[in-house]
């Protein structure tokens, strides 16, 4: 394999029913940095039935080239259809690097491509850089529940691939007046080659309406909350802040709050403006999901709780006193109370 | 119905500590457990067997001590267990591991359903199981909540960020389980006693004649570890004194407003 | 701990520990306060097979030794002895039907218990505690049946049992030789369950009065020959008496575990209180008594496995262990100090739980008389 034949950084624009997810744009930002280091182009790959929104977004977020594959068989993600289309693109255009958001579908797609292309895939990367002399991307990622970080190389094969958690990077600034090159490929996948078929969909029941990964303010609860009913006060505070409620694994395991709210190594990665950790000890697995938050505020009875090592502001106190006090202060400042 | 479950023995990563002086992982004394998501996968397999009758085979790639995890699987209700072990397999990344396991599954099969956990809590890649499906060229559905089988068709509830997809597929199929899939059962006393006496066969490279040895071990792994490090934690936390809760909340919000955070 | 556990025993203990700590322990404090245990909570133990451990395989049991069964129940008792005794009472009743009844009776009883049901022993009456021969319950023959009348009291599992092994006088003039044992279905007409006893401890264990009013049972439900009931009851008590001591060992071990942990954390006068000699003395005595009790229970179990009736050894075991438990749990509360006296901390419950072990299965005063009588008989 002559590695030099492989050019450009490709970013998969993961969409749901035609709506692009933020992670694709976040990766266009990272892809741009890698492309500059490699002195190559940053490209977007869009596969779907309704592709206009994604094309618009990829343009706004600075793709140099946009590859588009359209077809009704791509309306819903399936490993076979998306995999087939992406593979044909790869075989024709030989990308150097592929970035895919580590959503459920993205991880699935990444695995399929890596096996078929006989190349390396590094999962859940939190930092990316380039080795100047070799052109290898250095894929940095957590392991052992976040206790250890590894730097991985895919040095002998191309494309070199990685998945990146949604929210691990922030979206780049939008570009004005950029005109990317559009390459539309007519790649169709036959129905009989698609082994799975989506027959229905049940929307997630998200009472707050704000997705955890997109929330700017998160109030999270851990073991110290002692019970499901006590999450109500966290919700009240989150609502006042205009944000969302999160939880540590301990709270989820205890059945106090659904797994969709779990922040951490086996839950979600979040990078809000403010993360308020209530009654959370700060186990490494949890930190892996929230240390990149801009400002971390921790409230815990135990002064030696590891959460205080990553927090910006710490209060050694009782959450059952502090959270209501914070709610009261917020309500006063918003003129809801005297 | 023939079902195979891939399980991995992992260190209990919630118990791992860092040596503050050497800045390395302290792995001694950390208990080894069955990867929790693999337990969910195993529970799903046993439930399918109870509904449809058949057998559940468990395989694990690892060193001799991983047999303890295979015994645990037997004690919960799996029928047969095999340890996939050979020096030549050492150093395999997810590409090589999934290739090896796919060859083992080919040898022990055919299987209607292959189950695995969504990710291992030490590697945390979530890649091995779907890659096995790719090597075998069969359908796969990751992150399932439930699985209903009717003849040679299955209907699966698949969890994605936006909600639950209902997906239809034909067998054979590979699925990965999450914590939401089920609550794994405890072994019975009888099951535990029998599992301690059970014979667990080793499957080595010699037992897999049509293995492409360029795809296994360190040499067969397209990714390799360049270096590892333990993240340093900045400890620049501003601790607020509690005068009384209201006062402290006022001070906190004051500081946040000053720093233009709120 | 001082026993030489086999790999199998270690694995079984670990399994029960895992289940009990995760599924039962979180609810114990609240249920102890309420004095009840919901049926769903027992499901974990049934599913695991804890109701049939010692029962022979031909009756659907696991056929484990008394020795191993005792180890498993010690582990369960660390979480709650009341929960554990619900199952002990059940398998002891079944065991006794198997030992003293016909194979058909054994199978009948075992099949019902095997499905996930409890059993109870209806011997004690308001006027017949330490003196069971004084019981007044009557079984009057009526054709091929018997009509049973009695008021039984302090019956463990009274409300939740599917089957009773009940003791009634078939011959009023024959004293203790006129007592017979019967298997009684709990849903037979005429059985009234009295109020749930509001007890000092073992509050997850169901204890009620049971009244039998003209309850009709067939003659085939008599266990053993007519008039052999008293002997059956004594033999039954021999087995269960030694066995329940393992629950007290579990209580003591829990008391010791909690106390050592606390003593290492609690600081007074600038250091953890475990550094103070008088606390050390208490902990040492607790460890001595717990270890000695465990070894004594283990040895008696092995004698039972070997076929011995353990008349003297059972009494010695139960008396020694229950007396130790009093001291050990009281010391635990002492070490916790003021906090130990509060229901927020787990040790006061242990003190309340273990008192009954000096009372039931034959009060310790009766045990001492039994031991003395055995000594009298042994020495010529």
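First chain written, first letter: the chains are A, B and C, and each begins at residue 1.
As a convention for this text, a residue touches a chain if its C-beta (ideal position, glycine included) is under 8 Å from a C-beta of that chain, and two chains touch if they have at least 3 such contacts.
All values reported here derive from a predicted model rather than from experimental measurement.
Trainee: On the document's contact criterion, could you list the chains that touch chain A and likewise touch chain B?
Mentor: Shared contacts of chain A and chain B: no chain.
Trainee: Can you pull out the chain pair that has more C-beta pairs in contact than any other?
Mentor: So the pair of chains linked by the most contacts is A-B.
Trainee: Need the CA-centroid distance for the pair chain A / chain B, whole Å please.
Mentor: 21
Trainee: For chain A and chain C, let me know how many angstrom lie between their CA-based centres, rounded off.
Mentor: Spacing between the chain centres: roughly 56 Å.
Trainee: How many angstrom lie between the CA centroids of chain B and chain C, rounded to a whole number?
Mentor: 42
Trainee: Two-or-more-chain contact residues of chain C, please, as numbers and ranges.
Mentor: Within chain C, no residue contacts more than one other chain.
Trainee: What residues on chain B touch chain C, complex-wise?
Mentor: Touching chain C from chain B are residues 75, 185-190, 192-193, 196.
Trainee: Which positions of chain B touch chain A when the two form their complex?
Mentor: 11, 13-14, 16, 18, 25, 93-95, 98, 119, 121-127, 130-131, 134-135, 138-143, 155, 158-170, 173, 178-180, 221-231, 233-240, 242, 245-246, 248-250, 252-253, 255-256, 259, 261-262
Trainee: In the complex formed with chain B, which residues of chain A make contact?
Mentor: Interface residues on chain A, with respect to chain B: 16, 21, 76, 79-80, 103-105, 107-108, 110-112, 114-116, 118-124, 138-139, 141-157, 166, 195-204, 211, 213, 241, 259, 265-266, 273-274, 283-285, 294-295, 297-298, 308-318, 321-322, 324-326, 328-330, 333.
Trainee: Mind listing the chain C positions that touch chain B in their complex?
Mentor: My answer: residues 7-8, 11-12, 15, 18-19, 44, 47-50, 53, 62, 64, 72.
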